[in-house]
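Please find the structures below.
Each of the next two complexes has subunit A plus one more chain, namely subunit B in the first and subunit C in the second.
Up next, the complex of A and B:
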């Protein structure tokens, strides 16, 4: 199973490395969102500092949604979904492989956005361990939710507009928990940062279990 | 002869539209079956039903010994399907794509070179992204991707499309060789003069069922 997971993830990352959508288009766009907020709120620096965590995750949500969309576009393009259905790759492996590739891409996006908020929003990190744990938890949650809901909309003509509509309500708790955990890690708000990070891990675990069970059905009947 | 495909009164429905309407068909091991018929006759649906990509609503259907009404996914790993589309990742390099397809059906990635050579794909293009190839070259990569998995049942929809004369002859030779080594081939084509030389049997479809069978009687 591990070999199949890495096979799928390697393929997705190789496609992405060639296409350069994540680095060439999505990351600059997400950075631009951070910059727009910085310009819009720069008269109120305290508001900018307080909102840094939330604006960071908002940019991740926007960029991540584009990456999830792209991850399924390459499968629906030229009938590749049929080839995947005909392959010997198990559906749980396919789910985890695509989630792993998305995890890597969203992590790269976050590594670019991270210095962005430190620089543009004038905030500093007071708890690196919490910050990294929250970022990992949020990224795992984004990835598994993205693959699960991406598969649900993959075969549909209206998928470009439907995916964000399905995804945003599901990811809203991740967005909230990520913002709260980051606020604690950035020293903006004292609070239960670890509890919020834990909540993201729980959301990720629930969606992983759902994905392992439902992904095959979604792909087959989609 | 052992039956590879055995359909009796098969009905398949796409949405609310019946695409196969009581189809009876037996295809034996090693046969090269040419399916012809007008647009909308059900040819592509027949291939997809054989591949288990559409479910059988009623009738008896068995492919490679697997009951398609019980588990339509079971025979898939032994089947190679080439549809209208080429099933190619346009941003992958040619050799990496064929390697991925090989690994995804449990075949050896080392067979990639042999498969590409067999379809006479120029070696200098093996590291080129598929998106920059011509339509004919892409079709060759699609055929190599199918070849590398050594399927027992080949399901081909207009396999000669976009290929030049030499490549068509080469494809025919590949199909004849595969059939001689025990593979069964079902292909849809509108190009009767080109394909009648290789087909061991021809069926004509209309309205989701077979109206003419050169092997009948």
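Up next, the complex of A and C:
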């Protein structure tokens, strides 16, 4: 099963490496959003510092949604999904493989956005371990939810508008927990940062279990 | 038209007529009890009357979403065996969700009006309020998914999975939002903490729950039938199109 998971993830990452959408388009756009937040808040340093955690996760949500969309567009455009269904790869492996590929892509996006908030919003890190743990937990949750809801809207004509509508309410707790955990890690507010990070791991675990059970239903045709 | 004939039979049975009239009468009596007979509250004054519609509405909404989830499980089990099976469960899931969304909207609107009178503001970042809005948007998304132009079997299956995941997600959303508010601060305007309800107010609330349940049942049955009619229309429309095309092709040769 592990070999299958890596095979699917490698395929998605190879497609991405050749197209360079994540690095070439989504990451610059997400960085631009960090700038636009500063415009909206009139470059108020104290407001930006206090909201840095939340604004970071909002930018991840925006960029992540585009990456999720892209992850399923490459499968449905040329009927690749039929080929995947015909292959011997099990649905759980397909689900985990796509989630792994998405995890890598969103991590790359976050590695660009992270220094972005540190430099642009003038914040410092007081707890690196919490910051990294929260980022990993949030990214895992984003990835598994993304694959689940990406499959839900895959192949439909109005998927570009449907996916965010379905995804945002589900990711709202992740956004909330990620923002609070980052606030603690950035020293903006004392709080239960680790508990929030733990909550994100729980959300990720629940959605992984749901995805393993339900992914097959979502990809069935007819 | 065959659809129109079957439709006439399907939307008006004796039982649903009786149920419809009962719903109308029950709602009328509920208005009298809630607006005239029951007394104003000592703390909340006249605003308490809003609760007679607000509280039963959210019960119905939760009930509707629970029904959607149960129907979705049954649909997935049936359609696994045969793709054409279990469509009635799919229709029931859709109708219950629609009614659930309508009653969630009623809960939100009455809650906001009640908040304006009692707290002095339409909106507070209260855990219950925030969770209800997220629930509302989630099921709006579910209804949007059900209305998409796609193959019916695929659409129904995806909608069923979505209904299940959304229902499992409700406690997670509620817990995280609740925790967020508790960790920050208690609601600063706590005048509106609902007191224990007793006497006439208690019975009015209980009766309102019954009246709203009758109304919701009637609505779900009718929505179910309309969804079935829409499916028939689509199927017969497709058959008619194929027939006209065949006639045209034969005519041209």
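Simple rule for what comes next: the second predicted complex is superposed on the first by the 218 of 222 C-alpha atoms of A that agree within 3 Å, B and C clash if a C-alpha of one lies under 4 Å from a C-alpha of the other, contacts with A are read in each partner's own complex, and residues count from 1 in each chain.
Just so it is clear, contacts are C-beta pairs under 8 Å (C-beta built on N, C-alpha and C of every residue); 3 or more make two chains touch, one makes a residue touch a chain.
Here the structure is a predicted model, which means the values were calculated and not measured.
In this superposed model built on subunit A, subunit B and subunit C occupy separate space and fit side by side.
Within the superposed three-chain model, A:118 lies out of touch with both subunit B and subunit C [touch as defined at top]. By the touch criterion stated above, A:205 is placed in contact with neither subunit B nor subunit C. Of the two partner chains placed by superposition, only subunit C is touched by A:218; subunit B is not. Once the two complexes are overlaid on the shared chain, A:108 sits clear of subunit B and of subunit C alike.
When the shared chain is aligned, subunit C comes close enough to touch A:176, but subunit B does not.
In the superposed model, A:162 makes contact with subunit C only, not with subunit B. The wider contact with subunit A, measured as residues touched, comes from C rather than the other of subunit B and subunit C. By the touch criterion defined above, A:136 reaches neither subunit B nor subunit C. Applying the stated contact rule after C-alpha superposition, one finds that A:152 touches subunit C and leaves subunit B untouched. Once both structures are fitted on chain A, no C-alpha atom of subunit B lies closer than 5 Å to one of subunit C. Residues 220 of subunit A lie in contact with subunit B in one complex and with subunit C in the other. Only residues 7, 11, 14-16, 18-19, 74, 77-80, 82-89, 220 of subunit A touch subunit B when the two sit together in their complex. The touching residues of subunit A, when paired with subunit C in their complex, are 148, 152-153, 155-158, 162, 165-166, 168-170, 172-173, 176-177, 180, 191-192, 199, 202-203, 206-207, 210, 214, 217-218, 220-222. Chain contact summary for the complex, subunit C toward subunit A: residues 76, 83, 134, 137-138, 140-141, 144-145, 148-151, 153-154, 157-158, 160-162, 164-166, 168-169, 172-173, 176-177, 179-180, 183. Those residues of subunit B that touch subunit A in the shared complex are 51, 53, 73, 76-77, 79-81, 83-93, 96, 100-101, 103-106, 129, 145.
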